[in-house]
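Okay, so chain A shows up in both of these, paired with chain B first and chain C after.
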Partner chain A sequence: MGKKVGMEVSLAIAEAAKMADTDVVAAYPITPQTHIVERLAELVANGELDAEYIPVESEHSAMSACLGSVATGARTFTATAGQGLELMHEVLYVAASMRLPVIMVVANRALSSPLNVWGDQSDLMAVRDTGWIQLICENGQEAYDTTLYAFRIGEDKRVLLPVMVHVDGFYLTHVIEPIEIPEQEKVNKFLPPFKYPLPLDPDKPVSMGAFAPPILYSETKKAQEVNLRASLPVIREVWDEFEKVFGRKYKAVESYRTEGAKTLLLTLGSFGETAMAAVDKLRDEGQAVGLLKLRLWRPFPFEDLRKAVGDAELLIVIDRALSYGGPGGPAFSEIRSALYSEKKRPRILGFVGGLGGRDLMVAEFEGMVKRAQEMRPKGAEEEFEMYGVRE
Partner chain B sequence: MKSEAELTWKDMEIGCIVTEPGSSKYYRTGDWRSQRTTYDFSRCIKCGVCAMYCPEGCISPNEQGNYEADPYWCKGCGICRRECPTGTIAMVDMEE
Partner chain C sequence: MKNLGIYAARLTPPVEGFAPGHRACIGCGEALAVRLACKAAGENIIIANATGCMEVVSSQLPASAWRIPWIHTLFENTAAVASGVEAALKAMTRKGKIADRGTKVIAMAGDGGTSDIGLQALSGALERYHDFLYICFDNEAYMNTGIQRSSATPFGASTTTSPAGKKSIGQKTWKKNMPAIAVAHNIPYVATASPSYPFDMMDKVKKGLAVNGPAYVHILSVCPTGWRSTPDLSVRLGRLAVETGVFPLYEVEDGKYKLSMDVSPLRPLKDYMSIQGRFRHLSEGMVKKIEDRVRKDYEQLKERCA
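Up next is the complex of A and B:
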């Protein structure tokens, strides 16, 4: 059994990257990711981590340096947030298409303008279609564990895809939580050394990132799509293996007090912790309310979601991002789409709240359950609304 | 080796990595050409300046030692014509 220590979540993430024996870190500091990369720079500088730390001039360069690094077969880690993730946007697609498993923690932050450095999942939703495996963390222990097992998933020979680990900026990155840090031997046992099958090697030259004309491009994209979907069973396998070694079990969709629940809340990330308290309160009052927490965003776990929703009559999806002029919050519209073909499906309503670091407390989650019950009988024009906005 | 039109998605190497060095030589960039080179070899002094300036690297000496572009790759850019010190090379439109 590892040691449970009080630790800032950012430092725990850096510790996970260190214990994974990362070879290269290329990163540019940006709030609220700063503590993660500051700590890694420190670990490299004082010799605790034998790695190359590349201080780049922008996030675009950070991701580009990471691609070159993985291409040589080096285990590579980076972290960013908000505007930084947007600046590296075009390179994100390249990482996935070239099958280069960069492991990146994103401290989720609002996007400008107005300038706002606080927690928000707009950055997460903007990179949905980049082809990365995307995992969303709920608390500090998950942030440590997910950073660690992300290497194992991404570097698996059957996967070879970059992995994004999403942690809510400030709500997770800047809080101190009791986190169990395992023994190094256990980590070594769990995470084998990285071996890229076709690395850049002067003795066996290859060309990476070549061009594909119209006669080939569609074939390359289909190969990529099949590959990302095929990572799902491997992700499940890694979760099983993680449980065997560290004793904590992870699933694509977590259920909390869903037995016999007529109403289900669905959250992504740190909202889940507050929503659990709200569900406890509502259950005490005799309401059949439960909670689903979506951990795996890409590849989307359609089967797990359908199973977890079960016989619920009302599903309330809470987004921390807007899709301007679109069909409600991004997670809401995806979940509705995932359940559309089901013969029996709940009424699905969406709220967008907690934008730009606005706190949603237990009372607000209770309020959303109440408000959803009012909206429920109404038609399609009232399926989603922004919650907690002053009129 | 399969031609481009025969390759399926299952034939794609990891991340579309090209494992055969120098395979770009199969790519017929000559198709891009709207002008081609013609030569008056009586003026050629076999200096090879055209070959040095050719961005495709597709100019080499023929059996007589005169420098000539390979139409398989020559994109018809005309840089050789401009650089030739003796005016050996002329560019003509492809339809002619």
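Up next is the complex of A and C:
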């Protein structure tokens, strides 16, 4: 077994990229991602990581340089957050559509304006439809593990898709946690070298990024859709493999104390840790409350979600992002639609909370359970509320 | 013809990285420039191409005119994509993941992709000193989207977004000096070139590829469609641009300016302008005013080259 060390999560993420023997890092600093890329720059400067570090002049260029790098066949890593992710937006689609497996950690942060650098998942939700695989981490160990296995998933020949690893800004990036860093040999055993099938190579010239007229565009999009959905079994396979080598088991939807639960909370990311404490408390008080934690956002794990929801009567989805004027928080609205066709489905209510670094404590999670049990919505637009906001 | 080289002193290399069959307009000076640049660059090359005419005419799925490795992603990011390619080659060669074959990298874009929307990415890549050649194929407007003005459109030209009209003489601003901006990055090689002077142009592409570090070559590319000129005049217009002093050919090696050819005394500007529809609306007085400015700029350049 590797040893557990107290480590800032950002540094653990950089360590994962290092142990994956990343060839190229192209990144632009933004709070709260900075410690990740600073650490990588340091590792390269010290010769601990043999890589080219491109200190680009913007996130748009960061992702663009990543495209060029992966297309040439190099293992490529970057990290960003909030505004940076939005500046990359256009380029994100290209990475997925051209099947260039860039691995990116996103230190999730609020979007301006007003300027706010703190934890929030608005950035995560805004890039939902770019075609990337999106994994969401709950704690530091997960952040290390997920960064590592993201390479294995994205670079798998059956997948070849870019992967975003989401870690809540500050809540995860800036905390020190006991993290088990495995031995390098184990990492080498788990992660084969990257072999891009058709890189830019003068010996075998390829044209990449040709344009598609209407008669072909739809087919390219269908192929992409089929491909992203087909990555789910590979992701499961990688999780199994990860468990074999490192002993930690991951799955798309994590259940916590759901046995016999009538009410379920559902969270994404670091909320999960606080929600667990709330569930413990409510269970102690005799309430049949459990918790689901969604780890995989794209491809959406429909099957796993349905199974995990089971016979619950009330499902409370907590979003850290808002869809202005829409049908509730993005996760809430997707989960409601994912369960819509089920014969027996729970009542589904949503809360939006914790925006821009506002803390949601155990008491707030308890409060949401209580509030949801009282809510009597008259229409879809009343099925969610912003929680803990002053009028 | 076999052994033609025995009879003709200088020939272009037979290699065609940019193959015939692409969809450029008849008489397209930009396609000619790309073809010659590819001949000069040879086969051990990777090209990153910005969105624009050259990308669109060469790459409609499932066909491609490219016989060398080529990547297009977006409009404004081609210098950044090239940075990534260069860094990847460097890292993988150093780590023994690929053989060291001295593969070179070219980024190419139009004047819009270079002097407007892609300027930041270009500046970043030049400043970071990537070992690559950036070629701007300047046809003096956004041609791919229908002849809209760019910051490289010359004063007085009528375009679809700087139309001449009762209250407008067309483009109201003077052409941005992109080569000077490149020079300001303290890079080892900057040059202007024209496919109407093919050997000079190819030499400059070769030089740009040979230097260690970034190089910038700015190529004036006649666009009969956007300039409202007849296709048979494209090569001649390229020469007239040089002979009138509108587009002087020069190099800047390690900051030192050198004229590739001194064409003074300059030809009258009207020889160049009168055969292009985009300047048709200009009065003689206005052409004179532009000519004064062209001559002043040319003299300044000559001084810098002295």
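By our rule, the second predicted complex is superposed on the first by the 385 of 391 C-alpha atoms of A that agree within 3 Å, B and C clash if a C-alpha of one lies under 4 Å from a C-alpha of the other, contacts with A are read in each partner's own complex, and residues count from 1 in each chain.
We take it that a contact is a pair of C-beta atoms (placed from the backbone, for glycine too) under 8 Å apart; a residue touches a chain by one contact, two chains touch by 3 or more.
Since the model is a prediction, treat every value here as computed from it, not as a measurement.
Student: Just from the overlay, do chain B and chain C fit on chain A, or is there a clash?
Tutor: Result for chain B and chain C: clash.
Student: For A:Val56, decide between first (touching chain B), second (touching chain C), both and neither.
Tutor: Only chain C is touched by A:Val56; chain B is not.
Student: Determine, under the contact definition given at the top, whether A:Lys222 touches first (chain B), second (chain C), both, or neither.
Tutor: First partner only.
Student: Touching A:Asp23, do we find chain B (first), chain C (second), both, or neither?
Tutor: It touches chain C, and chain B stays clear.
Student: Where does A:Pro202 make contact in the superposed view: on chain B (first), on chain C (second), on both, or on neither?
Tutor: A:Pro202: touches chain C, not chain B.
Student: Can A:Ala212 be said to touch chain B (first), chain C (second), both, or neither?
Tutor: both
Student: Look at the residues of chain A and decide whether chain B or chain C touches more of them.
Tutor: Ranking chain B and chain C by residues of chain A touched puts C first.
Student: Answer with first, second, both or neither: which of chain B and chain C does A:Leu160 touch in the superposed model?
Tutor: first
Student: Taking the superposition as given, does A:Arg99 touch the first partner, chain B, the second, chain C, both, or neither?
Tutor: Only chain B is touched by A:Arg99; chain C is not.
Student: First (chain B), second (chain C), both or neither: which does A:Gly73 touch?
Tutor: second
Student: Would you mind checking which of 133-141, 223-231 or 295-303 on chain C runs into chain B after superposing?
Tutor: So the stretch of chain C that bumps into chain B is 223-231.
Student: Common interface residues of chain A with chain B and chain C?
Tutor: On chain A, the overlap between the chain B and chain C contacts is residues 98, 205-208, 210, 212-213, 216, 220.
Student: Please give the residue numbers of chain A that touch chain B in the complex, ascending.
Tutor: 97-100, 160, 197-198, 205-208, 210, 212-213, 215-216, 218-220, 222-223, 226
Student: Enumerate the contact residues on chain A facing chain C in the complex.
Tutor: It comes out as residues 23-24, 26, 50-52, 54-58, 60-62, 64-74, 76, 90-91, 94, 98, 193, 200-202, 204-213, 216, 220.
Student: Once bound in the complex, which stretches of chain C touch chain A?
Tutor: Within the complex, chain C touches chain A at residues 43-46, 48, 55-56, 59-64, 66-74, 76-77, 79-92, 94-95, 97-98, 101, 103, 120-121, 123-125, 127-128.
Student: Touching residues of chain B toward chain A in the complex: what are they?
Tutor: So the residues of chain B in touch with chain A come to 4-5, 7-19, 21, 23.
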